[in-house]
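Below you'll find the structures, each written out as structure tokens.
You will see subunit A twice below: alongside subunit B first, and alongside subunit C after that.
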Partner chain A sequence: MSRRPPKGEYIETDTGNKVARKATLVGTQNIMLGGKTVIQPEVMIRGDLARSVPPTSSSGGAPANNTAVAIGRYCFLSRGCVLRPAGRLYKGVFTYMPLRMNDHVFVGPGSVIQAASIGSHVHIGARVVVGELAIIKDYVRILDDSIVPPNMVIPSFSIVAGQPARVIGEVPEGGHEAFELRDLYKTVGNNPQPAPS
Partner chain B sequence: MSKRHSIVPPISQAGPKPPVQLSSSLTIADSAVLTGSHPIAIHGETVIHPRARIESLCGRVTIGRRCIVHERATLGAVGVSGRVTENAVTLGDYVTIEVGAAIQAGETVIGDGTTVGVQAKVGAGAVVGKHCTLTPHTEIAAGEVIPDYTVIYSNGMRRTDRRGVTELRNKAQARQIEVLRRMIPSNPAKFA
Partner chain C sequence: MAPLTPYTYIQCPCSDVSPLSRSNDPNSPSTAGADDEERTFDPRAPRSNFSLYPLEYLLYCEDCHQIRCPRCVAEEIVTYYCPNCLFEVPSSNIKSEGNRCTRSCFQCPICIGPLSVASIDSQPDPNLLAAPDQAQSGTNILICSYCNWSSTEIGITFSKSNGIHAQLAKIRNGGAPRLTAKEHKEKRKEEAAQSRLAGASSPESEQNLDVETQFANLKSFYQGQLAESSSGGNGLSSLGDLGFASPNSLSRIMSIYTGGSLHDKRSRSRVGTMREALDSDEGLQLADLDESAAISKLQSEGYEATISTDQLTEQPPRLEDAHLHGRTRFTSELRPIPYLLRTKRSKRCPVCRHIISKPEAKVATTRFRIRLVAGSYIPTITIRPLNVPGGASPTSPPDALVPLQPAQFLLTFRNPIFETVKVTLATPSKTPGRFPSKVTVLCPQFEIDANTDVWDEALNKDDTDKDRRRRRGDENNNGGNGNGNGNGNGNGNQPEAGKIWERGRNWVSIVVEVVPASLRLDLLASTANLAGGEGIDAGPLREDEDILEIPMFVRVEWEVEGGGDEVGSAPGKDKEATEKRELAYWSVIGLGRVGQS
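Right after this comes the complex of A and B.
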């Protein structure tokens, strides 16, 4: 192929999301991106696994929210990772639970995320497996090759590693600036900027 | 209804189209990949997620009833030897193959009710017993024989599952399949 591809590698939306054309997003109508989120090639998001039982809400007139995967701002999904909502039996009926991800979440290459919720400023390393319905709070660092068991709750400011994963330390005082993903966001896309040194 | 369409890049349907024997109650996603030259048989009420790969280059692949094969899982991956055997991969009933797991070809057998965890690998010729659980990133060496009810952790630790929840797990699997059948648009005609 001699001709340059006419289209860029990424689709950039009005809200600043950068979605690779080679990413596999299934059921996009159920995927919410907060803006300024980067989705690299070969990422797979299963939006089709939506909640099959409507949540019992007090406001009966509200329209059913079918979001399967909600992602906040400045999230970074590296190459080859998979995001899929986890399922469980709820009141005797099998249903998928939505996967919620807050702002500034980094997901390393080759990781598989089946969590229920992920807080903000979370760093998930490479080849990590987050088990079904795990809850990860804010400012958590999960090291490479960890396996977070199903239903685990990881408190804020923990460093987690191992197979199965356990809390091995705490994020040091002042260490939370390292979780900012604004600069990383600028380094990818159709006209990437070099990372500030 | 939303006007947005799923952006799913086209999959390379490389290799020959295998002769298939699909049950009518099967749920198979459009973007699953079946390839190879030997027959692939999939029995009733099994669910094949999008982007799952089933390869029959090294022999026949048989999948039992009510199995779930998740996305990016590979059944019948060609191993180092690449030799052709009569049955490449045989899955029993109620088997779950999770995301990104790989089962190598070559008389490999996975017993009834076994769960193969995320990105686990099962080597060629391994025989995994019934109702076993392989946790994520587990690797089973080629030719290994795993007794029934074994739980294998990725750090090599093993124990026997004495909880006796087989019935419950099968029931939960049946419920899950019921839901998935409504969620995943099935297109068996594409593979026939």
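Right after this comes the complex of A and C.
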């Protein structure tokens, strides 16, 4: 605590986000952070891969929402992971689809996420590849080195592993609290607190 | 060697009553003596595998006040749903349609990745695609985006992009039409009507039958045979029917006791009463032994075209086809796998039948109506290596324990309930197994403060921090060490017998000292000789025998006021006076691997 560099390793925003200075955020205007989210060094978020065509012609009245990556509260993006919105043909035109991530999502180091949506309380291990437009529901644990195939839907309370990933088990009833990332949030930043024992 | 993260497993009391009942004795000593050795729980016993669970897997029955494990709870299915489209399937559909998704959810037969429907029209018409709810005409295929398998490899395309399951049921590999189970049934009915009219077998009865038709034919044939034989007479002719309630058995027994011309009757009736099926009308299917086609295919396409056992077992049963007798050997014979349905289940206590876990019925919600998990009733135990001040290096790798060198671990007990609990620990002084390590719990008896509101901690974070420090100073009688972060890098902190290492709002840390055993087999043999005469197994080191596991008997006592159970989902009992509660169970503390010198 005595060693306090003049410029911290992290930028801490008003909403409590802790973004490492060494993280690469491309297209920041298209990245939404919900607050209290940690982005560690060497993370890359590709906000530049935004939707290139308006979502629907029918609801054209609303201003175009160009969010490419939406992240909820208390998410934790470990060192070296990549969030990359996936693209596909939509009405015959190639466009990127937004990547939505709910609260309490942990992304392990070196993982590549190209999902369409990730629910809340999701733990993604290290070196995981989540394929394009995969949908991950709530309370899902993806073990290290898994490869989730594109378009896969992972239902709630699944434990997933393998290449390609398959559901290998169920999250037990008592294991829900382990997904909480509030304590982990406190342990990083410019003024880190020790993990409660 | 893979490093081992310390773990705690807890034994469910359902598994083995005999050793537990003895240990449940309230007069049991707090520390197990050497004479208690054989009574203690052995985590390495083959049986223990089935009774040890991490805390998260355990539930707790509020009425029985006992731990319940996944093995002893009774499960009831609340909802069936498809894991891919997340649509709920009514249980009536399960009976009629089977346990697989009947929408358009398929898994790749090669890699089990999800299959998606893709249109292979040469030119996607934007006007047509603009109406997504309107079924696309044209050619659609199923494609796996993981391994790039597509249904064109087995010669299947679909005319519509929805209702793939129904379409697939009508197409054979290669594109030839096939009959669904229902159509087969109708066809059988027609055939039966025809044969009754014509009095002769239908012309196509000689061809391959599907499994269901074959079974129906066999069944009707043998039922006819049974009826004939039972009407044909008594004796031992009807060995096929051993039901005691049938008149057939009765007549047989009667004939045994009545005697008489039994032998003649028997031999007479045996002839021709039970014959076997002779043609496909009666359910006989001749095995196709001509495998030249398969051999030539193997020669032309090679190993790549064959399938693995895993792929074969993933295949759904095909009741609509002829019996394959495991003859599916080529990837061209595989079919897309409809997703197996998944369930949401509620759990009941096996003893009092109260529900202890019940999820919401809707697929989309993750809430639980009732969720009585053991983690909110019994203390959690976390393990951390303790780096003693003055030790060689505070960052020494804790992965491998050095044999014969004392190591200290910090066990932190966290109390989840709103009452102060008294914890009593007991461990054998030497761990069971071939390589007994010495274990000393420095403070086997302590109290943990109640779990107050979480907000207290959040709001008074600084206070609790100070509090922690103060208490720690009190406990250790040498206050003044400022850094209360539990690493023990203050100078005056020596683990002391009978003293708590550190305590906080609702947790207590104690020190456990272990002296890991040497894993050397020659030493084992020599000590065995010294001990004299004991038949000690001097075989090579078995798998995971180097893991230092401590069996620990945990007894938790607390007092509750009337209806003072913490989670108010069970009906509250109106007891006014405080009541003493006790819960005792075996647990296993896995500390790490012992290094091999």
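The rule is simple: the second predicted complex is superposed on the first by the 188 of 197 C-alpha atoms of A that agree within 3 Å, B and C clash if a C-alpha of one lies under 4 Å from a C-alpha of the other, contacts with A are read in each partner's own complex, and residues count from 1 in each chain.
Please note the rule applied: a contact is a pair of C-beta atoms (placed from the backbone, for glycine too) under 8 Å apart; a residue touches a chain by one contact, two chains touch by 3 or more.
These numbers come from a predicted model, not from an experiment.
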item	value
Three-chain arrangement built on subunit A, subunit B and subunit C clash or fit	fit
Partner chain in contact with A:Lys91 - subunit B first, subunit C second, else both or neither	second
First (subunit B), second (subunit C), both or neither touched by A:Val153	second
Subunit B versus subunit C as contact partner of A:Met32, first or second or both or neither	neither
Which superposed partner A:Arg46 touches (first subunit B, second subunit C, both, neither)	first
Partner chain(s) touched by A:Lys22 [first = subunit B, second = subunit C, both, neither]	first
First (subunit B), second (subunit C), both or neither touched by A:Val129	first
Touched partner set for A:Pro164, first subunit B, second subunit C, both or neither	both
Which superposed partner A:Cys75 touches (first subunit B, second subunit C, both, neither)	neither
Subunit C versus subunit B - closest C-alpha approach in the superposed model, Å	6
Subunit B/subunit C common contact set on subunit A	89, 131, 147, 164
Complex contacts: residues of subunit C adjacent to subunit A	55-59, 70, 81, 83-86, 111-114, 116, 124, 126, 129-130, 144-147, 342, 347, 357, 363, 366, 368, 371, 373-375, 382, 384, 410, 412, 485-486, 502, 504, 507, 509
Partner subunit A, residues of subunit B touching it in the complex	2, 4-9, 50-51, 71-72, 99-100, 117-119, 135-137, 153-155, 172, 175-176, 178-179, 182-184
Of subunit A, residues touching subunit B in the complex	11, 19, 21-29, 44, 46-50, 52, 82, 84, 87, 89, 93-96, 110, 112, 127, 129, 131, 145, 147, 163-164
In the complex, subunit A residues that touch subunit C	89, 91-92, 131-132, 137-139, 147, 149-158, 164, 166-167, 172-175, 177-178, 194, 197
